[in-house]
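Input: structures, listed below.
In what comes next, chain A is part of two complexes: it sits with chain B in the first one and with chain C in the second one.
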Partner chain A sequence: MDAIADRAFQEKQHNVSQDETPSLLAVVIDTNPLEWTKLKGVICLKELCKSVLVLLNAHLSLNSGNRVAVLTSSSLNSGPKFLYPDPNDKTYEKRESLLSSDIHRQFKFVDQKIIQELQILLDNEPLNPENQELKGSIAGAMSMALSYINRLTNIEPESTGNTLRAKMLVISISDDSTQQYVPFMNCIFSAQKMKVSIDVCKMGPDSSFLQQASDVTNGVYMLIKNVHGLIQYLTTALFIDPSLRPIMVLPTNSDLDFRASCFVTNKVIDIGYVCSVCLCIFSIIPRNNVCPTCQSKFDDAVVKKLRQKPIVIPLQKKKKLEDGVQRT
Partner chain B sequence: MNDSDDDYLEVDEGIEENDLSFDKKGVARRTRKENQKQKTTANIALKGSNGGYSWEDEYHRSWDIVQEDEAGSLEGIVTGIMEAHKKRFLKNVTPFQRGIIRSMVLVIDFSKVMSEKDLRPNRAALTISNAIEFVNNFFDQNPISQLGIVLMRNGIATLVSEVSGNPNNHVEALRSIRRLEPTGDPSLQNAFEMARGLLLHTPSHSTREILMIFGALFTSDPGDIHTTIDSLVKEKIRVKIIGLTAQVAICKEICRRTNYGDDTLYAVILNEGHFKDLLLDAVTPLAISKSAQVEMRGFTLIKAGFPTRISEAIPSFCACHSKLIHGGYICPGCKSKVCMLPTVCPCCNLMLILSTHLARSYHHLFPLKLFQEVPLAESYISTNCFSCLTEFPQGMSESERSNSDNRAKKEFHTSSRYQCPDCNKHFCVDCDVFVHDVLHNCPGCGC
Partner chain C sequence: MSNVSGAASHKKKNGMLTVLEDQEPSILQWSAIDPSVAVPLVKIRLDFITSLRATNPNSNQMMIKVLYKDSSGADEKTALFSFTNRSVMDNIQRTLQQVVARKKASSSTPGATTTKDTDAASSAATPSSQVNSTDKEDLSTFLDSDKLLKDHKLQQKLLVDNKTLMITFKEAVMSNGLDPEEFWKTRLHLLRSYAVQQAQKRGPYNVLSTIKPVASSDNKVNVTVTREKIQSIFEQYPIVRKAYDENVPRLNEGEFWSRFFSSRLFRQLRGEPTSSYDRADVVLDKYLYMDPNADEHTTKESIEHINPLIDVQSNEQDNSVKLGNAPDVTMKVNNDNRISGIMKNMNRLSRRMLANIKDENQDKTPEVEQLEEQLDLRDLEDDVELEYNELKLQNSKLVQNKANRIDDRISGDYTESIKTSQRQFHEPFNLTDIYNPTTQRQAIFDVAKEISQIVKQNTKQYSQGWQAANLNFQDSKTSTINDVGPESLNISTDELEELRLTHMTSIEFLRHFWSHLGSGSKDKQDLLTLKKLHASVSKCISRVEAVVDKFQDSNSKQTVHAIMQPLVISLNKALAEYQKASSAMLEYQERVHKSRTQTPV
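Now for the complex of A and B:
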């Protein structure tokens, strides 16, 4: 495993008891409409929803104390948003039912709520999205989910005494370039501190950030090529209990891309320059030799050395070299 | 982590704004981590209400400061205090230039005085367990830094663990010295000389720091300690000392001279909780002082590579140790395989790190703005916390306010809503603390 990222927490992870502690599953669904149009013909939001609902129902049926939360990341109309639970709406029965009537009440309650809220979200989307700004990001939705998890796993048990574990599933279709690096990283480390594993179900382009998220938090990363088997992927990978994960071969892609993003150009890079004061990463040497984030002035001599291109020295017979040329 | 002591109520800037109906005078004050302004008042904090030191003060019990309201109920006040307690965790948010790549030597006093039992179970045991916690926190917050540990015992300095970036080694070493009996005299000079030697080879872009936990009130040195101090100053080694007993003049001088005239890095603990707080302060990278910046020609820019991790079915040799291993990390510069990170590529000299190592310290850089408490009103725009959906208490109308029965209610004293200055969303106090302490993102600003 990654030697440093996990070491501060490794010690505490040993005695995770495999008891019947109920757990919370928080699902973050990427609803970036601009990215969804790119997946036209591959998968649609409706299909995804079907699979997610099956997953949620399965999770609820595993333990009567289990809970779920569903969030959407972004849309043109509003930022991150809870689809379930909804604190304001206590009148769910009044709306016309979109579901068949003979299903388990708890399932029905959750499913209906999610479908309705998603419908509202889509109804509010503008029809001509040309000059509209996208609101919200995966990191924002993850921050909300983590706050909610914090409330349910750390604050509430203080008074009620009911312990709860939590895990998160991120279903993403967007490219890394649409993400903000720092908020995203902050989410990963908070999740690690809170021992919340982040499982990732990725469609569309591969994501280095989300790979890191699942790696740091001991989650599963799945790049899904065949979307028709989505529910199969979700259930097989996600129902591996966290306590069993260290000893099982996970369906995670084994090669892991740890590239970072440049703070100035937002490009994803594998070799870059790091400011020694703030540890920000740049793909190019910043202009005027001043760090754009922390305004530190860099040592000119050091920068000059970094700017030097490697020189290819022509092969020569050593003995024939004259003194002046020899200095390399 | 920040255990509070029942006998003390930590009064912080934030609380004084809260309209709590108890007399705040005479309550022992404590400094709070990362509150730069309060750091400078560390010594003032020792002073009690009458201007003398706090131990000269009349002893205040925690139950003395609470007064009943008119209805004889404590509930409103207690909830107020609870929120105030939570608020005190909030920090100063001004971004500083900090030396984030650090090299530190932790010096622990293990002389005879450390077996005293004024701290429970005794000074040595508490110091060791606090030091273990410190090591873990240090590497959590300073992922690419180095630490070494030195013990002062029997008049000499003993190396406990070499300067390295692996917290497990340090924790192991600290555990092993639990078996030792604190004996002999401490020697500041010997300890500083050894720490100086350990810090000699640190790279130029790294800070050089010594953190000392000092229990005794004297030192027995083989030579002149002032020459040692001179060389510490010359080598730009910054010293922080935590005293366990009382102020010692030489310690104060060392801290003052090695920190560009600023002696606030020397502090004496008030109680066990304060001890922990002082150690936590040391976890945050030091701000680079103005005078130090003038001296420098500039900071270093480091070229670094972010490798890819591979896994292999058949083991291959690593370039760093020539050992056969499964998998490893591939240098993006020359495609050779190394087995451990962070490291310097043995083939092309590129520094190899994981971006996740660096990202841990970014919240020092982009601190989140403090949330403002929403002023009391008859009605509020929000009914639930934006991020955790907890229901907020409703506003109180004028007629309800005049009813004295309602004075005990929480909503009489506070709106319980905290607003982000950027996105104007409302949060509950638990989320406020969580967002600033753990997450460092505003969930509402994720747009």
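Now for the complex of A and C:
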């Protein structure tokens, strides 16, 4: 009797614990100010920020153990940055709260911090963009997020014993051409290895890199067609808990494009050349017959053959015509 | 072993009759006992004896008549020997009978046996070099693409073995006139691996045990041995090689082998018990008592270099305390010497066979490897440092900077937008804005609809994927052909098969087309082939169209069209590329033509 009762108890317990595993949501926000300029009239950073705050609040309210992390990708002023949690735990002079006073305290704590950090970020942006260079990239922010996820899901549980699942949401507004292919792919593959799904909320142009990221990691790729309904996307399609992923039909809407981009020109290419040593991809034969990545010298004979234009016997129709020309 | 001899009288004089087989040439000799009697020695070369006649065993007279030819070879002569002892006579008679039988056997089929044997002898004389040279020859055929392309037999065999390849070959080469050599050129790797596969040989086995002498009625022993067998006998039993080397110039090739197969040495090597009743063989029996391990030390040393300090096996075996007074495999004091000899023999043979296997590593079982790994004294080894090829992403920064350099066009907008953002982030955040009933509500409903639409669509795709997966599972035995079930596409199996065939053939032509286009060859023949391929590719397009047109139902037609679309695109791409190259060539020719016509003026 005891044994049976025992088992039933354990089974029930098991199911409950599975449901209760908290998760970490890491959000990477594309803050490239130049790209935001292009989105003028469609959506502004503040609108996005409001929706994201609601999303974070929703996530936190699902489970008391749930955690969030928010990162920015790039700006003219600084590279990828944690908005929350603050790695340095700086204390600022008390600023006026921009949030309504009757908001739940836990939410307010997180939201306030994020707004404040964004405020600082924007205030520090130069007004005159001349001679300025953009610092940081989505890939950089993603790798920071991944290392944070790694710490929380793999390293900390060793001491605390609290297991945690994690997923990543990338909110991107930039074109692929601003991305670096290799670091990006590295991010994707490490996420795959860590079993961290990457959901993508894409505004502006479609991105084949991010499509690949979500496809490889069993994530959801969403090209936002209706920015006014952003909150609906964020809290449904892009809100699937890691524990539900294996049993759900994912609402991903990407027509996957597996093409790679050229290492030299950064263009996405159909057919190209591949370095036989480091496997990097080119749309053109690199200068000096040397691989720009690994410095391997290519075989001159092979390159010569590649450069050679095909020799053919001209097609019949035109040949006749040419024959006529020769006769006259 | 002494020669066979016995007392016999010749021309009424007493004497000794001896068969001297260890002489060259071997002879039958009779000498008088009394040296004072002036009777010459009778010497008959054994190989000159043509026949024997003996008196009936039951009769009182005991005589043997030897018919032989003289060295001149002209007349047949006879020599008559009479005996006083029946057993002595029988002994001599048997020996002589054997000699005569052997001679008859070798002379009856002189052409066949002798040539075979000399072949064996020549290859056996230098067995190791021979083996290497054949290996090299094989290797060169495997590596030489031209030879593979010309080896039609090999190609035929491969086609028979590989059914899918056969289908492609039939369709592309036989039906649509692709040059067979073209076909094989892109499949050299298949040919090569097949050739290697065909050249695999059986490992060594105990040759002697497969040889079964058959005794015939007329006192002959029939043995069929192939050249390969003889070679492996030499490899496995160096003692036989030794005997062969020492005796064969003297003995006839055929004679040596017939002697060998009826000898005690043969029986012993085969692992059969030998008894003293077995017929003795003067020439070969002395090898019975030679140390069979005499040559083994050298080979063994060259093969194994195990440090005696860690050689557990040999330490165990060399332990004199353990072995006691019976240093043999039976480990028993009173054992039959012959049996332990046989066991030793078998062990030696197994050792030799193992040593003859060329690539030892391939036959190592995982357990053996594991054991060997355990034996390694790893802490004494130097650490192996992993070597990586460092990749330097040099230009990436340059690319990024270029991409991120601020466009003049948007710089004005930028200033404005950053100011707006800055201002906005100092204004209060009302999170309830995002569900504003007047502005957002409709949008949110639309989005919800959109998402559920996507989910529905994906669900359909998933279930189709599952169906296909299930189908795949059922057909896993016939795999490759049925990757996608025709049911999910609303196409019958036959139709799907036809589509596949068309697809396969087109790809075949495309492959050849591109390899030729990229070759950059200026050879006229190659250019003509390329042109032919171009024609074939355009034919492929019409073939695809024809296949698609067969479908009447608009729904399935659409499906088929979608299936074949990528193929059509790639075919068109090939045509376009040829067209491009063709017009470039024309332009060039025109330019050359113009410059030619201008220069005279």
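Here is the rule we use: the second predicted complex is superposed on the first by the 256 of 328 C-alpha atoms of A that agree within 3 Å, B and C clash if a C-alpha of one lies under 4 Å from a C-alpha of the other, contacts with A are read in each partner's own complex, and residues count from 1 in each chain.
One rule holds for everything that comes next: contacts are C-beta pairs under 8 Å (C-beta built on N, C-alpha and C of every residue); 3 or more make two chains touch, one makes a residue touch a chain.
Treat the numbers as computed from the prediction; the structure is a model and nothing was measured.
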Partner chain(s) touched by A:T293 [first = chain B, second = chain C, both, neither]: both
First, second, both or neither for A:M194, with chain B first and chain C second: first
Which superposed partner A:V302 touches (first chain B, second chain C, both, neither): first
Contacts of A:I284 with chain B and chain C, given as first, second, both or neither: neither
Contacts of A:S137 with chain B and chain C, given as first, second, both or neither: both
Which of chain B and chain C A:V182 touches, first, second, both or neither: both
First, second, both or neither for A:D123, with chain B first and chain C second: second
Chain B versus chain C as contact partner of A:N266, first or second or both or neither: second
Chain A positions touched by chain B in one structure and by chain C in the second: 137, 180, 182, 277-278, 293-295
Contact set on chain C toward chain A in their complex: 389, 391-396, 399-401, 403-407, 410-411, 413-415, 417-422, 424-431, 433-435, 439-440, 443-448, 450-452, 454-455, 458-459, 462, 517-518, 520-522, 527-528, 530-531, 534, 577-579, 581-586, 589-590, 593
Of chain B, residues touching chain A in the complex: 95, 97-101, 136-137, 139-140, 143-144, 165-168, 205, 288, 296-311, 327, 329, 332-333, 340-342, 350-351, 353-366, 383-391, 430-431, 434-435, 438-447
Chain C contact footprint on chain A (complex, rising order): 33-34, 36-38, 40, 44-47, 49-51, 53-54, 57, 98-100, 103, 111, 115, 118-119, 122-123, 125, 127-130, 132-134, 137, 177-178, 180, 182, 225-233, 236-237, 249-253, 263-266, 277-278, 292-295, 305, 308-315, 318, 322, 325-326
Parts of chain A lying in touch with chain B, wherever the complex brings them together: 2-5, 7-8, 79-80, 82, 85, 87-88, 135-137, 139-141, 143-144, 146-148, 150-151, 154-155, 180-183, 185-190, 193-194, 212, 216, 254-261, 269-281, 285, 289, 291, 293-303, 306
